[in-house]
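Chain lettering (A, B and C) follows the sequence in which the chains are written, and residue indices restart at 1 in each chain.
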Amino acid sequence: MLSVMLQMIRQQSETVPQCTLENMFVAVMDNIFLLVLVTLLSVIQNVFFALKVEKECTHSKNSAAFERLSCANRNCMDTYPTFLAVLWCAGICLSQAPAAFAGIIYLVVRQKYFVGYLGQTCQSTPGFLFGKRILFFLSLMCVVGIINHLMLTYGGSDYKEYIQTITKAASTLLLLP
Amino acid sequence: MLSVMLQMIRQQSETVPQCTLENMFVAVMDNIFLLVLVTLLSVIQNVFFALKVEKECTHSKNSAAFERLSCANRNCMDTYPTFLAVLWCAGICLSQAPAAFAGIIYLVVRQKYFVGYLGQTCQSTPGFLFGKRILFFLSLMCVVGIINHLMLTYGGSDYKEYIQTITKAASTLLLLP
Amino acid sequence: MLSVMLQMIRQQSETVPQCTLENMFVAVMDNIFLLVLVTLLSVIQNVFFALKVEKECTHSKNSAAFERLSCANRNCMDTYPTFLAVLWCAGICLSQAPAAFAGIIYLVVRQKYFVGYLGQTCQSTPGFLFGKRILFFLSLMCVVGIINHLMLTYGGSDYKEYIQTITKAASTLLLLP
């Protein structure tokens, strides 16, 4: 009898989840560090754009080129808060890996858009459309994440595993031109 | 004696909070999903504004109308990061329901402001003032949330329940014209 | 024997971390309330800038002064999402106190930049460079935080304590002119 009780106590202390606050922060970091990396990359890109505009402003005498560069920079900056908002919402609501992947593709597209603007104006349109597709994908991830959360709360069924697998597969479709 | 101890063990395993990491994420989602919804709505509105400007830019020959539309869009975009920041701070610090409610009213006001800009310039001023009132309300929520947190940490008294009730009641005052 | 077991049960109920969801939110608030304060200050500064521009727009007849003020405001607003993103990432990844301190210095620099713009255009350049140094410091904090997290996950060694101490010391270097 006593040995059974001792075993119960030991077993209990193993089954009780060791959810210290320290563990909690490690778990939080586990779920956002890719998003932080993408955010950092986007910040470096922003600084690169700003330096380009500043250099063109001080050195170049070509007013049209500066105008075009400044316009490209403003277009990128206008959509930047929107991009950050959906990136983080999608990453937190559903899964960080596909969100970070879509974010990196968005950064590549933005780079192509900015460089395309330096050449001719007509090159910029495809980049703008591509950006919209990625924002749509990230928004869809948010919506699916919220619907899954509501189903888990009110219906009791959790499809998060399946959805995350589907999302990871679907995110590769963003690579299509 | 043994039965008392068995009861103690059972009681303990019930009172120990089952705070697994899985539970934690559900709890986090519970506290932010309304904010995510409002953020998504604001993103959709941003895209709507951008499409309006793009359409006016390519199709219309009326330069003044495009100028006005572009200016309205820029005004909305300029305050967008500020709005997002106070919305999320207020939602996390105090309570998400009133913050999300104020956020939705802000989006309605922004829509009225944007559409008003399409007509005449004089219509835009009330919308701008209304937006400031909502931002002030959200900032106040942040301040109250931080003061309550400091009182809880250093004073030991927690008025969060009362404050949340008052905030919910006060948020309806934003509906006043 | 029984008394030993009673002691075990009592001891266990003390050592098991009382990580309720309530505790969790207090811990989260503990780790972000300085960031929320800095965000609020930046929002107040944004509103102050916007009011300055609005007042200059309606009252002044000096077109050049309004142009300069509007340009200063736009420059500040363009880097605002970038600033918020690195501030929060640095605060969450590593430690909030140095991040909030750097954030406050950034706000002071921005104020000096904005007021300097009101005088002459040449005064604005140093402020712009100072801002870049703070953004670089915050980005570095993010990178160090992520590297430490990866080392903790894959290597098992945790240098967070040392890094936080070094960061706090390094943040005072930002006070150098």
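The rule is simple: a contact is a pair of C-beta atoms (placed from the backbone, for glycine too) under 8 Å apart; a residue touches a chain by one contact, two chains touch by 3 or more.
All figures in this text were calculated on a predicted structure; none of them were measured in a lab.
Contacts between chains leave no pair untouched here, as each chain touches all the others. Where subunit A touches subunit B, under half of the residue numbers in use are shared by the two copies, so each contributes mostly different positions. Here the spacing of subunit A and subunit B, counted between their Cα centres, is 20 Å. Shared interface positions of subunit C, defined as residues touching 2 or more other chains, are 5, 9, 12, 16, 19, 24, 81. Those residues of subunit B that touch subunit C in the shared complex are 1, 5, 8-9, 12, 16-17, 19, 23-24, 27, 31, 78-79, 81-82, 85-86, 89, 92-93, 132, 135, 139, 142-143, 145-146, 149-150, 152-153. The part of subunit C that touches subunit B in the complex is made up of residues 2, 5-6, 9, 12-13, 16, 18-21, 24-26, 28-30, 32-33, 36-37, 39-40, 42-44, 46-47, 50, 74, 77, 80-81, 84.
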